[in-house]
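Input: structures, listed below.
Okay, so chain A shows up in both of these, paired with chain B first and chain C after.
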Partner chain A sequence: MVNVAALRCKECSREYPIGAFNVCDFCFGPLEVVYDMDAIADIASRERIMSGPNSLWRYADFLPAEYNPLVDINAGFTPLIRSRGLAERLGLEELWIKNDSVNPSYSFKDRVVAVATAKALELGFETLACASTGNLACAVAAHAARAGMNAYVFIPSDLEAGKVLGAAIYNPTMIAVNGSYDDVNRLCSELADQYHWAFVNINVRPFYADGSKTLGYEVAEQLGWRAPAHAIAPSASGAMFTKIYQGLREFEQTGIIDKVETRMHCAQARGCSPIATAYKEGRFVIRPVKPATIAKSLGIGNPADGYYALKTIEASGGSAVIAEEHEVAEGIKLLAQTEGIFTEGAGGVAIAGLKRLVERGEIQPDEPTVVYITGNGLKTTEIVSDVVNPILIEGTVSAFEQSVGVKA
Partner chain B sequence: MSVTVRIPGPLRRITDGVDKADVTADTLGGVIAELEAQYPGIQERILDENGALRYFVNLYLNNEDVRFLEGLSTPVKAGDEISIVPAVAGG
Partner chain C sequence: MATTMQRVRFTFLDHMIKQPVIYRMGHDFDVVTNIRRADVQEGVGWVILEVEGELEEIERGLEWVRSLGVRVDPALGDLIEP
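After this line comes the complex of A and B, so read on.
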């Protein structure tokens, strides 16, 4: 690849060749892909992007894997919708909803997995694997099916039925581990040492993580080649949050857009808020917690990129916000009932977080604001099952009018 | 008292490829000191210059993150299993 220079430790800056490694041998810091930004700036342009496919591969110049039609199920380039009802409810003039719940396997994880799978094939792997809170399992199983690869997905045993089914339908080998996501993760990182598999969020993580940069590029393009004043995103490990900002900054750096002054706001749920709690207490050290949140896709108690999420908040002048557990379902319902978009728990956290930021005056009414909706509500129906309350009647007009209380 | 330490991939260069080590100590801190005696150079990969657990290293005692226990002062007993695991991104 012309645009990829090396892997580099984010902590001690030691460099490594491109390959399936994610951890610095020396300090255990995470490795990330280093790009030749000058080479990218030379070839990248708005026109070149706009002439690309209607998927995240339109940003291939900025990604660490080559486009491969064998793995492509059209991840990315999801709608950015101008909010009306919700904006009015919150008193905002320019609110946009990035609806990433309509990806092929119904979450933003298709972005990271599309890139990870393309890279795994380049590196010669035949098996994809992951540790997942659910959405990633769906994305890995779907992409493996498309690519003709084997898939092993590891999940906590208490996941929502919609996520388990949403992955199982693609027929991966599914392993439900007794414990939390952090336990699953620990097991997988030990397995990754022993099996020659591409664990998308472990040994090919540097490539995987950069799939989320496209959430930054896409919003900038869809806003008419500009960055918003505020971006609100739900956070679990903090990786996506960090990469959205990196994406915006790379567009600035390569001259695709003008100055980025986006303030990045991270939303977590009360039952698992290690990043937001560290932010509130003014610490850069994350204290791990035992996840106990209804927003299970955010249930990572030991967030590997938490430190970098805090750095992103600091660099962008953003903040972190905690949604109370009862506000998760309220946020899901508010988005559905004002915008017609049905999101999962993480989206409920994002909406509740947005609401709080507006109430606190962090977001001014005239500032262009984007809220990221990263997963689909049909996977977590348990959270909002109380809305199901149909009016049961006999099939006659009089029964209808009597029971519903209307008259023609 | 002998405990078993599982050595992760990134540290096996120091242990000549060995993936499990048996050491005798009373606390986790002692376990690491003992590991250092067996495999010089391993301690600085696990602990920072102040002797604290490195930020991106997770230490588990019988499946429990030692940050939820007493950290490096956590007592260990014969038969315990300790894992050293790098932090992993989300899913």
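After this line comes the complex of A and C, so read on.
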């Protein structure tokens, strides 16, 4: 990759050659990919992007892996929809919904895994792996199937089997680990050290994380080559939130768009809000929590990029909001019933967070605003099962008219 | 038994900040601790360290740390993602 210079520690800035590692040997800080932005600026242009594929690979110049059709199941380049009903309900004049729930395995995780998989192949790996309770497992299993790679998916043994059907269908080797959440964490850390596998969010994490930059690039392109005034995204590890902003800033830095003045707002649910709580208390130290939220796809109690998410909020003049647990289902229903988009718990949190930001006056009615919807509602139907209330009638027109209160 | 190494993050809340937890872990258990990075502020602090020893002894030591009310997590955050 001509555009990728090195891996660099986010804490002590030591540099490492490109390879499958994610931790600084000296300070144990996380590594990130360093790009040669001048080289990218020399070749990147709006025209070059627009002539690329209708997937995240149209931004290949900005990514740490080469486009590889063996991996591509069309992750990314999802719709950005101008809101009508929700915007009207909230009193906003220019609200946009980034609908990432329509990715190949129905969440934004396809973006990060697509990049991780392409990089894993470049680095000579034959096996993809992850520990996951949901969306990540689906994306890893799907991309491994496409790429002809082996896949290992580790899940806690007490996870309901139905939760991982979306991953199991691609036939990965699925391992249910007896023990606590911490035991699964520890096992995967040890396996990542001992096996020559690409654990997508461990040893190839620097590349994996950068897949989320495309959520920034795409929104800028789809808005007509400009950055929004506000972006609201749900956060679990904090990585996606941080990378959206990095993506916008890289477009600015390379002259693809003008000045970025986007305020980044992070939304979390009350039952797992370590980042938003730290923001509220005005500190940069994350207190890990035990997740207890209905929005399970945001259930990371010890967020790897929590600190960097807080720094992104600070740098962009943004904020963090906490959605109450009961507001999650309300948010899902509001989006479905005003826009025709069915999202999972994380999307409910984003919508509830957006609503709160508007109520607080943080978002002015005329400011272009984007809310990120990162996963599909069909994965978590139990959250909103109370919407199913059919009107039971006998099979006659009169029974229909009487029960429903209409007349031909 | 072979020795192994774990990278962990201790999060201290309130009163625990004043306790010499890492010193006592190294003293009372057969493990070697090596602090790599830390941030201690009023009311909350964290330390990222390497703990080396036999797996069982590391486990015993970390369990003792947990029993004091210190939170023990993987150094780089949760590896299980939803």
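Note that the second predicted complex is superposed on the first by the 388 of 408 C-alpha atoms of A that agree within 3 Å, B and C clash if a C-alpha of one lies under 4 Å from a C-alpha of the other, contacts with A are read in each partner's own complex, and residues count from 1 in each chain.
As a working rule, a residue touches a chain if its C-beta (ideal position, glycine included) is under 8 Å from a C-beta of that chain, and two chains touch if they have at least 3 such contacts.
Quick caveat: nothing in here was measured; it's all calculated off a predicted structure.
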For A:183, select first, second, both or neither according to whether it touches chain B, chain C, the two together, or no partner.
first
Please work out whether A:337 is in contact with chain B alone, chain C alone, both, or neither, and reply first, second, both or neither.
neither
Give one of first, second, both or neither to describe whether A:305 is in contact with chain B, with chain C, with both, or with none.
both
What is the contact status of A:136 with respect to chain B (first) and chain C (second): first, second, both, or neither?
both
Regarding the shared-chain residue A:296, is it in contact with chain B (first), chain C (second), both, or neither?
second
Is A:45 touching anything from chain B or chain C once the two structures are fitted on A? First, second, both or neither.
neither
Tell me the contact category for A:209 with respect to chain B and chain C: first, second, both or neither.
first
Quick check for you: in the superposed arrangement, does A:156 touch first (chain B), second (chain C), both or neither?
second
Footprint overlap on chain A, comparing chain B with chain C:
11, 22-23, 26-30, 109, 130-133, 135-136, 181-182, 185-186, 188-190, 201-202, 236-237, 285, 287-288, 300, 302-305
Residue positions on chain B within touch of chain A in the complex are 6, 8-10, 13, 19, 45, 54-58, 60, 63, 65, 67-68, 83, 85-91
Which positions of chain A touch chain B when the two form their complex?
11, 22-30, 109, 130-133, 135-137, 179, 181-183, 185-186, 188-190, 192-193, 201-202, 205, 208-209, 236-240, 285, 287-288, 290, 300, 302-305, 307
Can you list the chain A residues touching chain C in their complex?
11, 22-23, 26-30, 109, 130-136, 154, 156, 181-182, 184-186, 188-190, 199, 201-202, 236-237, 283-285, 287-288, 296-306
For the complex, which residues does chain C have touching chain A?
4, 6-7, 9, 11, 13, 36-37, 39, 41, 44-46, 48, 50, 71-82
